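First the structure, in the form of structure tokens, and then the observations on it.
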């Protein structure tokens, strides 16, 4: 098997000086922070679809990048193999230990699902052997239930029971593959689980069907011995006008309503959170405070654009706040990781650009980690927050927290006060100054 | 007591010809539709704040409208009385049977809560007597927990236990007033229950505190014999950067998490739904399909603007789809109604404009009702939706619905199919044609 | 040549009753309004790309519709012919008199531009013969300078002079074709004329190059005897992060800066205006009041979505206000028309859906026309506006309008007034009531 | 005159260590960069309105901050004096050398304009004396033509000629004051120059009137010897639904159309640019490349919120790209500067918060300057851009640039090429890596 990325060396940490473009400026995998190496803090994953399959096509143009990786003809089994070769070489050169996949990323779809499944068996044998050679592992698997026309109205939310069954068959196989490849997570992104118009949609019916499909999936997977976590990946819209897993809060409400919250957690994607009108940090926090933050799709969007741009993370404020949240919950392992659900900009179409993109993303997260550690070690922000609520740790406040008071008692307390003094200043600008002084200070 | 709106006659239905501007063109209160009068279908309410108190001030300018209604000095008890007089005259002239209020709308705040409460007792006696004379009723009450600087960080979510108690005291009084005035609903709009920055916020702590305040409020109200419903009114942002009751799905998740869903329903506001990225109809449907659609704030926003414009409803598509949803659940009574949480545009500053605004709003909803009834009586859309899911009423589909199958069985079914046929066309354009032909047809 | 849309009859006006779905409910081509037939008022055009070429592919899925129209293999010359057959049958059945095209819509791209041009010569002969048989004409032509990877950085704005030349070659040929087919308009939509990031872009350089390309194009076309108009079609973003022809105001500024405003007008697209933060009516008005409203792309977007949804027009408020603007300028002929730059929703994938979509669009515009005529004949809105500025028709006001006064004189006048009285109410709610009473009244 | 900010020392540079919160971490006024001191690079200005007048009121609540600065009663001449005292003490303690003002910020409005003007004469004497003592100067002045109800429909765009005259009178006086105080700039922010609805608006008429008012203002000012620049400050919306000076491109088009571009430049505000759908850098660049970048309102918005949040700049990416643009044009002097059109968050209501906010803003811009200098000195980005267009510096490319070719010649060139090679990669991710390595590197 020939080297594919011939001009690209192994990417190593060289610091932020300018001499070598193809090196990490900030990601130093063995650097220890808070008792763990950077590599342990940052379980990066490569997305089979964007990195090995996507060519830069958009709604107004065909692809610019050649992702055949040396094979003659795209969308063949030969191509499936060359993608595996390319993927493992790519991950090895970058020191990435995990990958994520949809079934449809691995092989071209067959004439029927049986043929597709045979192909999946074949290629997963090959992936497995490469994994054993390299130590690179599956982070999570999933089924692509949105590209094929049959899913035009959704999969679990389809109005066709046959399509629903087809979705079930794909999920079953994708679960089998995930288990075979040692994945400890399985993702549901409901790309077409939603509606285009309420004029033709029974939303309640559809959501119930989705829940039932998930329940059957859990049952099946547990029977096969899967001990990992299922993840819902919220996204509010695109491709559908409205998608049911709108955001973290909606997805959590759904999981609880249908008793799925023991088996499921959330996979939060930065760009999906912002499309829903939230900051990335908000949706991370919301999931985390409900004990349901499971994995992260590590990209960024453009807040002036209204679609999923899936950019490689560049904004270190975002990665800092992400890592700040992740450090608070002790990281994403053993179930999840930081998957780069991100693609090169369309004019960045070379092999080298693929590496630059990952260098950008990994360095941005390394910076985010470094800064988040500094924020935590500095302690000022955490202390400020803790102090801010101190009135609830004593007197009437503590009674509120321990649920040992009543509206009448609180009212009496308020009346006895006359006018309460104003709360202390929120000091947002001061806190922001701290963040900048830590991020940009010596 | 002198007539305040001297040049304004009683507004009556005269049809859509142009001769009399101060008449209803479409709202004919006694017209019967599907067995109920328009008036019964459309339990309109006037909002004390916008209609009797707001002067058109915005972030860049002071008020343009004089809402003293004949008294000398605003923000006095004299003014409080003149607002009552104006309000009841206004509602009588328009044939509106309900009003909604915040405590702070009724009287100027006193030096302390005791004085404020005394004033509220006094003015509510007067309101009660006017209500008895006119038959006009309280739809719902609420407490203003956002205007006073003490609530800068929220009420239930405040970091100050004293402020929290102050909020409790206001809620207690507002509940007492609501009960006294015969209101069958009580609203929580969490105007400052949210955050400006996560740098100073413990979101989990704050949400728990809010839930506890609601639980105490329910307990208190039930003890006082209140048999009505509590409503949460979702809004995603403004004034806060992020508000906890983001949308219907978030609020329902919250209610269920804290076991509040037996006592609470939702008050859906058109403009709040759109600020959250949803259509008005979406949030109505989402609440309704969860059995939690309680009341409606009947305004509209401007989707090209990013703030709550609180416009009087003009768009008959919106009112049609709203009434379509309401007819499906049998209307909002006995708890809720259609509250015009809407304000005149700032340059519409005359008394006459106040009436034009309500004529616009009431006619728009009358048109919406007429159209929704036609859509239902026509039946094509409903039938289309029912037929669309027919594959789930037999065979493998019905097993999915009755939860009597497994992922393996579904997979086997899919494999046996080879390739499933595509689902039937969603026919969105055809369905939209039906809507227009019904709305604009003979 | 066999009939392609076999089950579809000629679509005729039958009124808004429900008996025949495949009929116009409101578009009655011979109905006279303000001295012109509906057909004259509404110069509808079919877009070769959406209607004959697009299959419903989106960023998350392949096409759902089969647009081979009976030929074996897509993207062949055989397919090019079947599209012509389908297009003319389609237009004939709907009574549409115009079509629009990009070069790339007509034939598959050849190995080089010479081969492509030969194919274009061949197919345009066939189109011309069909046109002569049917009387159906070319509204405007254009060149697709965005799909091919070579245009990844733009065409006129490309950083590659060779690509710029390639663009010039395509424009030249598309102009030749437009002239050959009798088109009276030629459109520049700068789909990739913009940037992804300023980190690699010299915006000034690129805009100058675009202007130069347009100037050369005008010069060439005039030399060939083209007497029609060139159109710029503004769009703010998508596919590029920022596009140079952001909106009507930006495009007009550009045209004037480079002395292109004698040869160019604007082609305003509803959905592009809303993506730029404007109402459709705003951009129409802005172009019209500058004498530069030339043609219209008649679709609608979804204001809750951030991308170009290119929906068939459904919202009659929008079509009413569009037709209101067009009636004010005497219509779009002889240069422009109403081109349905709109596509079926992805799940509407049948031939029948194509017709439903056009029925929806044409009926929506017919309703818009009917309503706009009623608004004009009613006269209240026009009179209101005229009266509103009456203070500028006399005294100091008229001096302002005739530029015969100075700041000092105005200041003196103001000082002499003491406090000016408030302007009269803007009466927005009243005016909106008029619109609804006219749109929905008897 | 007593010290007002008693607990606040003179703020000096101490570096980014944490010991002293009330110090600059990055702004070191005498540090030399590219031959100029930081102070020269960063002509900061304080906004009289936000800093000395605004109390934190928003649409849902009254102010939280007490800005009486020791006087008894707000909105008195005593208060006007205390604001001057506070302002000069504030600027002196921060080392700020410029201020900006609206007429209405300086004194409470009198019963008529004559009384107001007398008050303005009086307070400007006082300001002038303070200025002479401290060396602090007026950056620019302006008239508040949006707060008073009389301007509900605009000033230059008002439908009332009397209101138009009133606006003229205020502008005349504000120009007089600006000249008296040595200001070298005068700003037009058209806060209500726009419309709420086209149903009552003649947009063309209104825009012509605005232009005429500006022309008269220029004429007057030049007669008084004003040699500075006028600035238009674009903003797309808020308070009005649509504002005429939508963005830089629109404003420049307007200036050129009415021959105002010799006297006017643009004052670009970060948050206004983003509300228009542009990056801050985009609007800076667009103004700069047209030779019309005059001054900057240095704040930032929240891209997830749809209104002008006017936050103190925190995001160093934004300040870096701003300073990068400013360094390219040699800075904003002698006409403009960096005005903090920014306000404390409502819960940041103390005197100390005012200083923290400015420390944040000044440090963020100092960091931006430091980074921008590094970017320029590094040179990689500039070189990349230059090289990227190299094909236009020779051969056919240079003929395009020198306008010595034709469409036919370009077409011939393209045909001779066969297929052009793809342009080189845009390398966005690589360029973003450079930015991060420079911003966060050693």
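Quick notes
Just so it is clear, A, B, C and D label the chains in written order, and each chain counts residues from 1 on its own.
Convention: a residue touches a chain if its C-beta (ideal position, glycine included) is under 8 Å from a C-beta of that chain, and two chains touch if they have at least 3 such contacts.
From a predicted model like this one, the values you see are computed outputs, not experimental measurements.
Chains that touch both subunit B and subunit D: A, C.
Should one ask which of C-D and A-D has more C-beta pairs in contact, the pair is C-D.
Between subunit C and subunit D, the centres computed from C-alpha atoms are 36 Å apart.
Distance between subunit A and subunit D, defined via averaged C-alpha coordinates, is recorded as 39 Å. The residues of subunit A that reach two or more other chains are 64, 149, 152-153, 196-197, 237, 277-279, 304, 345, 347, 349, 422-423, 426-428, 432, 435, listed in rising order.
Those residues of subunit B whose C-beta lies close enough to touch subunit A in the complex are 111-114, 149-150, 152-153, 158-166, 168-169, 171-173, 196-205, 208-209, 212, 215-217, 219-220, 236-237, 242, 246-247, 249-250, 252-253, 256-257, 276-279, 281-282, 285-286, 289, 321, 381, 384-385, 388-389, 391-392, 395-397, 400-401, 403, 405-408, 410-411, 413-415, 417-424, 426-428, 431-432, 435. Those residues of subunit B that touch subunit D in the shared complex are 56, 58-64, 146-149, 151-153, 191-192, 196-197, 237-239, 241, 275, 302, 304-308, 345-347, 349. The touching residues of subunit C, when paired with subunit B in their complex, are 15-18, 21, 25-26, 64, 274, 277-279, 303-304, 312, 314-317, 344-345, 347-350, 352-353, 356-357, 359-360, 363-364, 367, 378, 380, 422-423, 425-430, 432-437, 439-442.
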